[in-house]
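Next up: the structures, one after another.
Next, two complexes with subunit A in common: one pairs it with subunit B, the other with subunit C.
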Partner chain A sequence: MDAAILVIIAVIFAYAIRHYRFYWNRTFRVQEDVSQSFAGAYTPSVSILCPMRNEEKVASRLLNSLVEMDYPKGNGRYEVIAIDDNSTDRTSEIVDEYAMKYPFVKAVHRSGSSVVSKPSALNAGLTFASKEFVLFFDADYIPPKDCVKRLVAPFTDPQVAGVMGRVIPVNSPETILSRILDFERAAGYQVDQQARHNLGLIPQYGGTVGGFRRAFLASQGAFDAYHLAEDTDMTYRAYLSGWKICYVNAAECYEEVPSKFRQRGIQVRRWAMGHNYCLFDYGLRTIASPFLRFWRKLDGIMLLGVYFMPFLTLVGWSLGIYSYLFEPPFWSPLLFALFLTLSYNVVGNLALFSEVGSAGYLDRRNRAIWLIPLLPPIVLFYVLVGSRGFIEALLAHIFVRRRRRRETPESRRKNQKSESP
Partner chain B sequence: MIEYLFLLGAFSTMFLLAFLPGYLEYRKPRDPGPLHIELARVIEPRSEAIRFRRTVEPLANSQGWSQKQLWGTSVHEKEFKNSRGSLKVMRINGNITVPAGSVVESALIVLGELVSQENCRFTEMVYVKGRSKIGRHNKLTAVTSVGDLSIGEESEVLSFLDSDGAVRIGGGCVIGGPVSSGEAVTIEGSCNARSFNSRVINIILHSSS
Partner chain C sequence: MRQLKSTLLPRASWSFHVQRFHLILGSAITVGTVLAIAILVQAYWILQASLITRVLGFARVPHELFLPRPAFGVFLNAIAPEFLLEKAVISETLILLAAIAILLAIAVIAVVPRLSPPSRILAIFFLALVLVNLAYGILHPEQPWPLRVDWLTSGIVIIPLIALVFNVTVFPIPGSLSTKLVGLLACLAFSFVWSTLRLSLALSSLFYLGAFSFMFLEYLPGAFVDFVYMLLFYSLVMRRLAASHLEEARSIRRS
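Up next is the complex of A and B:
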């Protein structure tokens, strides 16, 4: 048991070092934003995909932002593809209104689809995307006018497959949870993503406020329609085939974050499942990849393990408490204290402390930093929800995903026939 | 027993004190967010030049310049220091003509007009209040001019070329940054630049005979 605790402590210690490295780099070192000197000067043709499912409350807001975007719209250089994904409210009407009014807006309607998911909606939209680069915005996002110019600037580097902008919660004043999530996002983007970008590690494509070179998307086929983290999936597909992702801190965009714990729990559980699917799919391939140098491999593995950490922490806590109470070797109390100190800093890879503080400092939000002491109780919540997500992902991977992959289209049709009455 | 209760009380107080700032900010928020994004903001191609002007203009009015004679005119020099290092600045109150082949290793503030002859090299940025006429084969870091700006053939500029007035660029020039003008950009022959930003852009191609 002591050996297991030592291994867990070693893993958590590695994450702690990683976080402090990022914090130090972002706070005190020179920042990498060379690509932004091309922002505005480089305006290639771009398709913008907006998947929407029952988004009547926010669809107009996003589409307004996109039609008013500061980007050359002549000569077919700019198109907005609004994908109404099986909506049952007024979303389809709103989408049609914009398509009728603006020649560069296309409306794609999906109805009666067998698979209703964001990746499958994106695949439908991609069929109609004709431009050199494809960017994605979810319906509850509000991009400023310079966002697209800033996002496409890194594509001047031919090695860049994808880009990712910074997300900022717009509804943070709503509840204490949304305020804390505001800080988490700041740490995740302003510090974590930027530091990974600075250090040449693996900045991650986050599913929205970002996009890809169409040549890369074409080489990859399509998004996995059943995946719960198609963003992480695409990030690893890019790195494992020799491309890279660029993080653009200057491309800021507002989003809405959950303001209730129940919503947040569902979100974290879904992310945990999707992220762990990627761990199962790409863990070994990341280690073996000929395209990644050592530090990128290490960061890649640690990034994949982010949503495994809550489960590992829960196991560690349980073992630690058991060891402390029932089988204390002479060094156990010290080890237990060390374990608690380390996990306090890194649980769930949320960079709750050093990186959050750094983000508050960089964003000049000195007073909001006072909220940091309220973060530890949230840790417990993430540990429990993240652990559940990991166990569900493991079971789904063993019993559903592997079987689905073994199935050929022919056998899938046969199964469907035999199951139908 | 009382000692243990005292210790428990002291521990609990210290433990709860850690949460006090969070509780205060939660009860009486002074920074509830969100972080401000100017949704109407656009990328201004002249932003680098404008930023440089905003830095330079107060410097030009500062005190403590030393005076000397150079190229037949009186120039003022001063070294500015900040946390990143130091920068030598040369100020000319009137017009100046920089002789052919000169190397200027200070940032240049010209409050009159600037004329440079062939093969001059300016290793720091140049700010001109009047008109600027840069000669052939010059090498510059960046130029911003309130008056009209012309640059001779086959010159190289590392960063921006900016003017409130008209900009005229000779053939074969290479401009590493944006070229921007408040009136019109005229390009004579072929040249390379990151971007041209003006409401009017004239291209004059000389046909070879």
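Up next is the complex of A and C:
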């Protein structure tokens, strides 16, 4: 019992050290952004995919940003593919309006699909993407004018399979939750992702405000239509086949974050499930990969375990309670202290508090730093939601995903028909 | 400040020089704090116990305080002061009924549909703490009398921890040394006051409410609250440092 508790504490402590390493690197070391020297000078052909499902409120905003993008649009170097994914509102009309008005905008409509998911919509869009690089933007994002040229700049390095930009919430003043999520994003991107990029570890492709070389996508086949974290899936596919992902901190894009806890709970649960699928799929392969050096492997494993940590923390608390009640050693109350405090450092998207503070300092957002003490109670929320996500992922992996993998590619393809340009 | 080539979005690529002198000073303070705690732990406990006994007197809790002889350099062998308290004046049945009433109240709060999930989870968290401590009280009814307070968790460990946290997260950041030092000292002072009050409250509740409430107040939320106020002071100092940094940047831009 005591050994198990000590092992859990050691794992939690290792995550805290990892976060502190990121904080130190991002705050005090020279930042790696060589590729941005080419931003604007290197303008390869690019396809931009925008999956939309019932997004009538935000579709025009995104498409407007994309048609006004500061990027050469002549000679077929730029195309926007708006994918109407089984929408039942005005999204399809909006998409058609833009396709008629601008020659470089294509509309793809999916209706009556048996699989309605973001990856399957992306697969549908990819069949029409013809350019050298493919970028993805979700409907509720607002890319600024320089976003695309900044994002494609790292592709000058032939080893780069994918890129990821920085996401910044626009609706942070709405509620306390949106303010807290603003913090999480700042720590996650400004500090965490940038430090991983600096250190040559594994910056993660985040599913939007980023993209891939089409040659890489062609070599990997389609997105897994059933995956809940196709972004993490693609990140690991890239690293395990010898490519790398480049994080571009200067490529900022604005988004709307959930302002209600219920929405956030659903989001975190979905991420936890998808991320844990990746843990089951890529855990051993990451350890055995010939393409990854030791530190990249270690970071890869720890990144895969991020959404396992809430469950581990819950197990630690349970063991601590048992130990406290039935075999109280003199230090059992200290264990509670350790679990309650250290777990905060590593759960979900919450980074070490110094990462959050450093992000606020780097962004010169001194007023927002006040809110840091509000973060610990949110940990309890993430522990429960994340643990539920892990258990559901484990059950789904055992009972559903394995069976689905036994399906033939033909039978799977049958389920994904009915896309029409 | 080290500013790289990007001009449109400097925040994407800038970083800071470590304030080496501040970091060295912070490290010296941390080491000094650890040594001071190791050497003066017993004196610290005696000071705290003498304050607690005044608070207990104010709260009309009959008790006796047994102080060890002052000694130095005895961290591992330090003898904690002991309080001898009378048995709780309320009967165990009444305490149990009160606890059940509290549990029901929290349970009702926890299932109110209008509450946001974190509030509900927080309520459930405290509900779980009460249940655990109630279970502890039932499983271990024989409390040691006189009660020897576990002083380690009540303020000793947190002192070097606060110094360490400030040292590694605040002192290297560019900004005024006086702000950092004032923040650190204020946090340490608050820690002393808080741990003294917490222990006083826990001992008072031991007398008025029984053993399980003591365990509840002393151990479980205590550590969590320690962390929260440490964060509060961290955020206050960082906010101040960031504000002066921003003002400095603005004045450079204006000039």
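The criterion applied here is as follows: the second predicted complex is superposed on the first by the 392 of 421 C-alpha atoms of A that agree within 3 Å, B and C clash if a C-alpha of one lies under 4 Å from a C-alpha of the other, contacts with A are read in each partner's own complex, and residues count from 1 in each chain.
Methods note: contacts are C-beta pairs under 8 Å (C-beta built on N, C-alpha and C of every residue); 3 or more make two chains touch, one makes a residue touch a chain.
Note that the coordinates shown come from a computational prediction; the quantities given were computed from them, not determined experimentally.
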Problem set entry | Clash or fit (per the criteria above) of subunit B with subunit C on subunit A | clash
Exercise. With the two structures laid over each other on chain A, which partner does A:361 touch: subunit B (first), subunit C (second), both, or neither?
Worked result: second
For this session: Pick one for A:41: touches subunit B only (first), subunit C only (second), both, or neither.
Result: first
For this session: Identify the partner contact of A:265: answer first if only subunit B is touched, second if only subunit C is, both if each is, neither if none is.
Result: second
For this session: Considering only touches as defined above, state whether A:370 meets subunit B (first), subunit C (second), both or neither.
Result: both
Exercise. So, A:30: does it touch subunit B (first), subunit C (second), both, or neither?
Worked result: second
For this session: Considering only the touch criterion stated at the top, classify A:70 as touching first (subunit B), second (subunit C), both, or neither.
Result: first
For this session: State whether subunit B or subunit C is in contact with more residues of subunit A in the superposed arrangement.
Result: C
For this session: Examine A:170 and indicate which partner it touches, taking first as subunit B and second as subunit C; both and neither are also allowed.
Result: first
Exercise. When the two structures are overlaid on chain A, which partner does A:149 contact: first (subunit B), second (subunit C), both, or neither?
Worked result: first
Problem set entry | subunit B/subunit C common contact set on subunit A | 37, 146, 252, 363, 365-367, 370-373
Exercise. Taking the complex as given, what residues does subunit C use to touch subunit A?
Worked result: 2, 4-6, 8-9, 11-18, 116-118, 121-122, 125, 132, 135-136, 139-140, 150, 152-153, 157, 168-169, 172-173, 218-220, 222-224, 226-229, 231-232, 234-236, 238-239, 241-243, 245-246, 249
Seminar exercise, completed: So, in the complex, the side of subunit A touching subunit B is made of residues 37-41, 65, 70, 142, 144-146, 149-150, 168-173, 176, 179, 182, 186, 252-254, 363, 365-368, 370-374
Problem set entry | List of subunit B residues in touch with subunit A within their complex | 18-26, 29-35, 37-43, 45, 177-178, 194-195
Problem set entry | subunit A residues touching subunit C - in the complex, by the definition given at the top | 20, 23, 26-31, 33, 36-37, 146, 166, 190, 249-250, 252, 260-262, 265, 321, 324-326, 328, 330, 333-334, 336-337, 340-341, 344, 353-354, 357-358, 360-367, 369-373, 375-378, 380-381, 384
